[in-house]
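You will see two complexes here that share chain A, one where it goes with chain B and one where it goes with chain C.
For the complex of A and B:
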């Protein structure tokens, strides 16, 4: 029996890099704005911290990278919600960007697929 | 130029406006020299507005303060209100209890941050550099001295000793003798035991020996010694003291350094066995200290006749002073005593060995200063609030569990009240334990976030509550400590045998850090209030064993630990 692969189009990847321990807030915000999943990895990074002088101690070297796949329609809402929840307008709080994705695939329940069939 | 991009008309206007700026306008223009090579660009410092500075610092401090505060405040409130309930009048110094919990949280914040930025990185650097730069015999000597010194200057297990030295001679001659006439020996043996544990633990990492046989072997040795000591006459309280000291040796700063040392050594040696991340040193230290004290007590019992011990104990007891509540000077003093030798030792390392390995000395110094300050603030806060409340609690707990003026006879409801009181107390105090918080963060970052700190702390705290409950029950019914301890040890041994290498390391390490400066005074007070001063230390050991057993037992239902070899 052949298996069917559902290929998703109109997908974007939102990546958010925040200080260690902040990922819960970001993931929660992303979910609130309709994102369906998130991956968190640990990393170290540098940026504005090195340029803050003494205040640099207030920025953590250890980071978390949150990657979230969203639909192109959701993108702006999720992006905005993460920005606000993560207080990315405060120095050292993090960095946020979107990458276009060619395509994506994962498990999608059949009843969900049936519903969207024309 | 920046151009305003008024948001596209959307059904609900967003609470934020946006504008677009080309990143090209923000990045520096690269210069080339005559040969066409790029001249390295130096990023200028960022100038922050006052508001930005404020928001940056607010984010930095507020979260770090609130986290411990959310644990400490309920604990203080619980302690105060149960005191109110029992004594029927508001507790003395309710205000200082609240102020104390504020200060304790502040101290915890500073301590945890200092350890994270200073002590742990430094320990890791030393651990990494030692095996690479020195021959093995020298490494072991340094490790031994390091562990011994660390323990000798550690003030956190002194209350235990002080309590033991104040015991009545008639009930526990050997304990009073050890704690008074042989106090130096007792400290020395504990120090040497921790030093040996560090050497052994690190050799284990370097040579990739497994941890499980070591833990199980030393546990078996401790068990046999306990049994012997239990069966010998006049040894009342020795078991409790030995197991209690074993639990109390590793306090926050020592924990962080030992932990970092182990993981540092682990990183520097590359061999096939990657299990356990170099953990296990803290658990081994605790076990070795217990064995050391048991051996010392046995040696004293064998060599010195009981009559002369009693006589000598009588002489020395009178000269020891009673425990005093910590003043600010005391707190600063004990914090400095705990850290200064370590810092000096680290400074020597730094100057003579590691200068080239350290990239950011400013940050490390900041962290170390912060940990000393944090420990001092923490001690002040404990002295102001929780410890003092603990001492009062000791008194009213005694009235609750024993026939007294208030309650004519020990009633079942009085027993129940004691247990209902001790369980949340042990749970809450363990949640706020600085050493456990440090350990939890370290494990979370070692496991790349798979083993969550919150989960580890919750598990350990529940275990500690369970152990304390069992300890309280055993005291209320006046069961011999060994009846509880020996089966608990056997169970822990069995579980260790069945568990994976990593889980054993995690369990014994978290058991080694659990009753620390936060929980020791409180749990000790519960024990002394209910069972008399003789039984105080025993309940600490049971709390720790409870954590170990709970962690190991629940491990069978848990996901395997990443990188595990045996699962």
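For the complex of A and C:
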């Protein structure tokens, strides 16, 4: 039996670190922007102030790390959706970054494969 | 007093490979054990996470959260010249999960990599002591 494997090469990894409880909002925003999956890990943060001065906003030590693999084409849209949904322009809410990937392998439905084949 | 300058020894450029797989059936332990015993790779780690996979859902509502499943994230760090071999090995080990849409495997480049070796000659290592 011959098996074929689809290797995606034009992919990026988006990592977002936010306060605990925010991951649902981030995953939902990523999905609305076209992302097909996400992974959420619980973590402890450090090096942040417990309170942000005049604002009086507590910065939780408990964090959630969301990782999402996206195509390079989708990257900007997913990045922007996450940034806005997570209110990452507000001090202490979190941050995100993108790591280039060499390749990725996963299951892709045939109808999607047909669309992306050159 | 003369000072001895120590410099960290570096491997050739490395790569990291991450497998996100179902947390059931100890698949992460199986991967790490076979990497160690079959390929001599000991620079692996595993953690438990919550995973969302869109491919496994048929016609999901646009504004709803996809169902979450427990997943294991296995990260493997290897020298650059072994990355292709290990990537292929991992895809073969998790073929079933990949075909079911429950897994993803991806690889990236590391700019720096330190050496990692286990101590040798420890008495009793590798043996299970029973009372």
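Just so we're on the same page, the second predicted complex is superposed on the first by the 104 of 118 C-alpha atoms of A that agree within 3 Å, B and C clash if a C-alpha of one lies under 4 Å from a C-alpha of the other, contacts with A are read in each partner's own complex, and residues count from 1 in each chain.
Going forward, a residue touches a chain if its C-beta (ideal position, glycine included) is under 8 Å from a C-beta of that chain, and two chains touch if they have at least 3 such contacts.
For clarity, every value in this text was computed on a predicted model and none was experimentally measured.
Shared-chain residue A:106: touches chain C; no touch with chain B.
Within the superposed three-chain model, A:69 lies in touch with chain C and out of touch with chain B [touch as defined at top].
When the two complexes are overlaid on their common chain A, residue A:36 makes contact with chain C while staying clear of chain B. When the two complexes are superposed, the chain touching more residues of chain A, out of chain B and chain C, is C. Of the two partner chains, chain C is the only one that A:27 touches; chain B does not reach it.
Of the two partner chains, chain B is the only one that A:80 touches; chain C does not reach it. Contacts of A:5 after superposition: chain C is touched, whereas chain B is not reached. With both structures placed on the common chain, the touch criterion links A:93 to chain B but leaves chain C unconnected. Residue overlap on chain A between its contacts with chain B in one complex and with chain C in the other: 40-41.
Here chain C touches chain A in the complex through residues 15, 20, 47, 49-55, 62-63, 65-66, 68, 71, 73, 87, 91, 95, 98-109, going by the rule given at the top.
If you check the complex, the residues on chain A that touch chain C are 3, 5, 11, 13, 23-24, 27-28, 31-32, 35-41, 69, 99-109.
Put simply, chain B touches chain A in their complex at residues 14-16, 18, 43-46, 48, 52-53, 55-57, 59-60, 117, 363, 366, 445, 448-449. Residues 20, 40-42, 48, 50-53, 55, 57-59, 62, 64, 80, 83-84, 87, 90-93 of chain A touch chain B in their complex.
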